[in-house]
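The structure follows.
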Amino acid sequence: MAVAAEAAIDVRDLSKRFGRLAAVDGVSFSVAQGEIFGLVGPDGAGKTTSMRMLASVMRPDAGSIRVDGVDVVADPDLAKRHVSYMPQRFGLYDDLTVDENIRFYAELFEVPGRAWRERAQRLLAASGMTPFGKRLAGQLSGGMKQKLGLTCALVHAPRVLLLDEPTTGVDPVSRREFWQILYSLRADGVSMVISTAYLDEAERCDRLALLNRGRVMYCDTPAGLKRKLPGAIVHIASNRPRELLEIVRGQDGVDGVLLVGDGLHVHVDSAARRIPELTKAIAQTGVEASEVTTIEPNIEDVFVVLLEQQQRAA
Amino acid sequence: MDPARAPSIVVDGLSKRFGSFSALHDVSFNVERGEIMGFLGPNGAGKSTLIRVLCGLLRPSDGRATVAGIDVVEDPEAVRRRIGYMSQRFSLYNDLSVVENLRFFGGIYGVAGRPLDERIQFAVEMAGLKGRESDLVATLAGGWKQRLALGCAILHQPATLFLDEPTSGVDPSSRRRFWNLIHELSADGVSVLVSTHYMDEAEYCTRIALIADGRLIALGTPHDLKRRSIGGELLELACGDIGSALDLVVAVPGVRDAAVYGNALHLLVDDAEGVAATVCGWLAGHGLPGATVRRIAPSMEDMFVYLVRASRAPQPAGVAA
Amino acid sequence: MRIRRIVAIARKEALQVVRDPRSLMIALLLPLMQMFLLGYGVNLDIKHIPLCVVDQERNQQSQDLLKRFAASRYFEIHEVAGTVARAGHLIDNGDCRLAVVVPLGFSRNLVDQAAATVQVLVDGTDSNTATIAAGYAASLIAGYSSDVQLEAIQRRGGQVQTLSPINVQARVWFNEDLESSYFIIPGVVALVMAIVGAQLTSLTIAREWERGTMELLVSTPVTPIELMLGKLCPYFLIGLFDAAICLALAVGWFGVPFRGTVVTLFATTSLFLLVVLCIGYYVSVTIRSQVGASQIALILTMLPTTLLSGFSFPIDQMPPAVQAVTYLVSARYYVTILKAVFLKGATVPELALPILFLAIYAAVLVTLAARSFRKTLD
């Protein structure tokens, strides 16, 4: 990819240890202007620690971070003015109202009075929260807290936004609305790093880094990652999937079988070759299978397979 | 009805109110023997409240519930003797070892002597912790703790298992391994009621109940639910300039709704084939050539969002059935 | 340093205090409670000591002696016991502190041998009270004794010079009635300020850590100094308000004379407030749990102030090693200042030394507190 403009965020060999544990171990990635970048991985992968170092809330043991042209490690105070950070618990004051929370953060960033009031009004309207201005933040639902947290993060119009697991536990409807807000920010050229443990959310990012045990396993677009998956995923629909389990597992070219509620997901090396073979083997058992078709792999399938590959190589 | 064939859990018109807040409203369902019933819904939907009522920890405001044929209000102690419960945060003792935890929970459930030793061995093997029995729980990673917690919950061989968000904070491989264990238990006839807010875990369950705002908004197998109407069909549109495409595409006849999804648009349409045939040409005609479109299956989340919106919309009863 | 940020933090903190029942209780209820509890509860005067008498002689002389005890305001006759055994029993079960026994043959001994003994039994479990009670009893008896002597001499027809060689004229300065409350109450004011001040600020930083808002605060451009100044402002104002309440109660309710100036009082109180607020702030920064910070802050202020500030026990009666330690107790200087301002009407120049110590203390603590806060999570 041609480097048209300087990357909004550039991370090189970032590391952080806690005692003997290497929470972040040589992580590198870069985020282009106006891109939504995902840091994806399970708990303990190093997402939150990485985010905290990007927000200069924690000091790295090694490595460099440049955000909007500023060296974060050397000049954290300057970096903080360019970046907006929304931590996992949103950073809201439960005993202050929606308006008071927004005002507080606006003042901390010294945003001129008229500018932040206007911006706040717009953001609240977009989230459908205009009537809740005088409501205490502690009395808002999870989805509304999330939107308020985002509003507070956006009130000083940052060019870079860091969101640490902002959708955990939030209802799917609010989650969708949240992503629509992120997409409109993207259209305005804001660069975002969003960390999530929901692998299905990874699909919504422009590019993502799969993290595991403090290291970046892969870094690519969602489609690119799916292409990396060798072979294909075949879905066998059956209401007695357990009886098919052993037979399927024993077949040639089958790399992994996952039991799902209404059948099996089978990872094969080649759909074209194995589907007929599977269909025949299943027919021989006498158990009825209504479908044997290829389905599109999701990010979780990719993650599990790639992780197993890595472990086998080690 | 033959007791061996009777449903493990029967819930009928269950409601629970905390003051003026209605945490559960008129919830009814059964769980058959050996079934894995998944409760999907966001935080605050009422999943934990439901599990607590069924464990006899909360009294319902209205309705009835029986577990293993015993009414949860009349005899909660008897209910608790027959169920296993795994809580959200695993509730293991970090400063005790694996086997010390198992002994403790065994003692609480009244399992002792030779039977306890056998069950402990079973739990250790199930969790894959053979050789690590003396390790402190604090040194175990998330996936191990989770399997150990499951082991602690089944020492007394309960016929019914309640799992409250058992897979929070666990890596995907461990999650899959955990679900394999659940499937093995269910094959042995244990009924499992699982609550989760991961939509994709619905695939692992025999049947799913979607719960939002304290109400049951859908009940069925994953297969059935995904084939249900979400008010249309889904198309995925990929093109260069999503922003402009979004503004244009909503004007295409037959397109009910459009939203950005990563680098593409998801369109909700009445007739997938019809719209697919025309939309690319239409966009090209308006200055956006090179768009491609394909049909995609709705995800569980699509289903959920549609149902929640329908249930919240002010409509006459019977729409979301 | 940006004023706007300091104001924003002060405003947020003020709103939170007003809406938090726990903080409000500490700010408003605690001072009142302590003033009343300690003001009335701590009373070092010894009066109305319960006494029982055993009169085995039962004649004019013994009754004369015992009437003096009955008339004294230091004693109160609880029971006229029949036997010494009964008196002993009353002391054992705490009904009486003291028993006076006039034995058989008291008056004849007085006449024949010119000397007689009176037995005084004292409950020594509280040695402080026992010493004082025994002393009162002894002086009463001594008074009676010299009167008896006088009478005897006069009966023999002698002339007696009733002038005793040394005439003691005692004048008590500053506290004429020797009201212990006059020196207790200013000490209570110091105690209240110390506890309340430290408690209020001990919660402030710890609360932000516990609620997860600190993480976000640290990612903003706000500096540690701005944070500290902004957070201390509302508590400083509350502290001064509490000082005003305590002053009003001391003078208006407890009747402690106030001979100094209000300006001196508030100037020195402000200095002390700064010290205790910084103690609480420092504890809050170091201990990231609200409960823990609150307890440590209480221990650091209440114990030294109660025991080592001169509030209840005079410093110059303490062993030298302990006296040296009291120099480290900031409340010591404040208690000295308060007593001086209330009872002696002292002015700032007269109080230069304790004020200087307090100022040094304040400077050290402000620096410590400001430096202790790091803008990183690790």
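When the chains are written out, they are named A, B and C in that same order, and each has its own residue count from 1.
As a working rule, a residue touches a chain if its C-beta (ideal position, glycine included) is under 8 Å from a C-beta of that chain, and two chains touch if they have at least 3 such contacts.
Just so it is clear, the structure is predicted and the values come from calculations on it, not from any experiment.
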Completion exercise
Contact tally winner between A-B and A-C is A-B
Exercise for the section: Considering only mean CA positions as chain centres, point out the chain farthest from subunit A. Expected result: C
Problem - Between subunit C and subunit B, distance of the C-alpha-averaged centres to the nearest whole Å - result: 64
Completion exercise
Whole-Å distance, C-alpha centre of subunit A to that of subunit B, is 21
Problem - Centre distance in Å when subunit A and subunit C are each reduced to the mean of their C-alpha atoms - result: 62
Handout entry: Touching residues on subunit C, where the partner in the complex is subunit A
Key = 2, 4-5, 7-9, 11-12, 15-16, 19-20, 211-213, 215-223, 375-378
Handout entry: Touching residues on subunit A, where the partner in the complex is subunit C
Key = 52, 55-59, 76-77, 80-81, 83, 85-96, 100, 103-105, 107-110
Exercise for the section: Quick one: which bits of subunit A touch subunit B in the complex? Just the residue numbers, please. Expected result: 41-45, 141-142, 169-174, 176, 179-180, 183, 187, 197-200, 203-206, 212, 221-222, 237, 242, 258-262, 298, 300, 303-304, 307-308
Completion exercise
subunit A partner, complex, touching residues on subunit B are 36, 38, 41-45, 141-142, 169-174, 176, 179-180, 183, 187, 197-200, 202-208, 212, 221-223, 243, 259-263, 299, 301, 304-305, 308-309
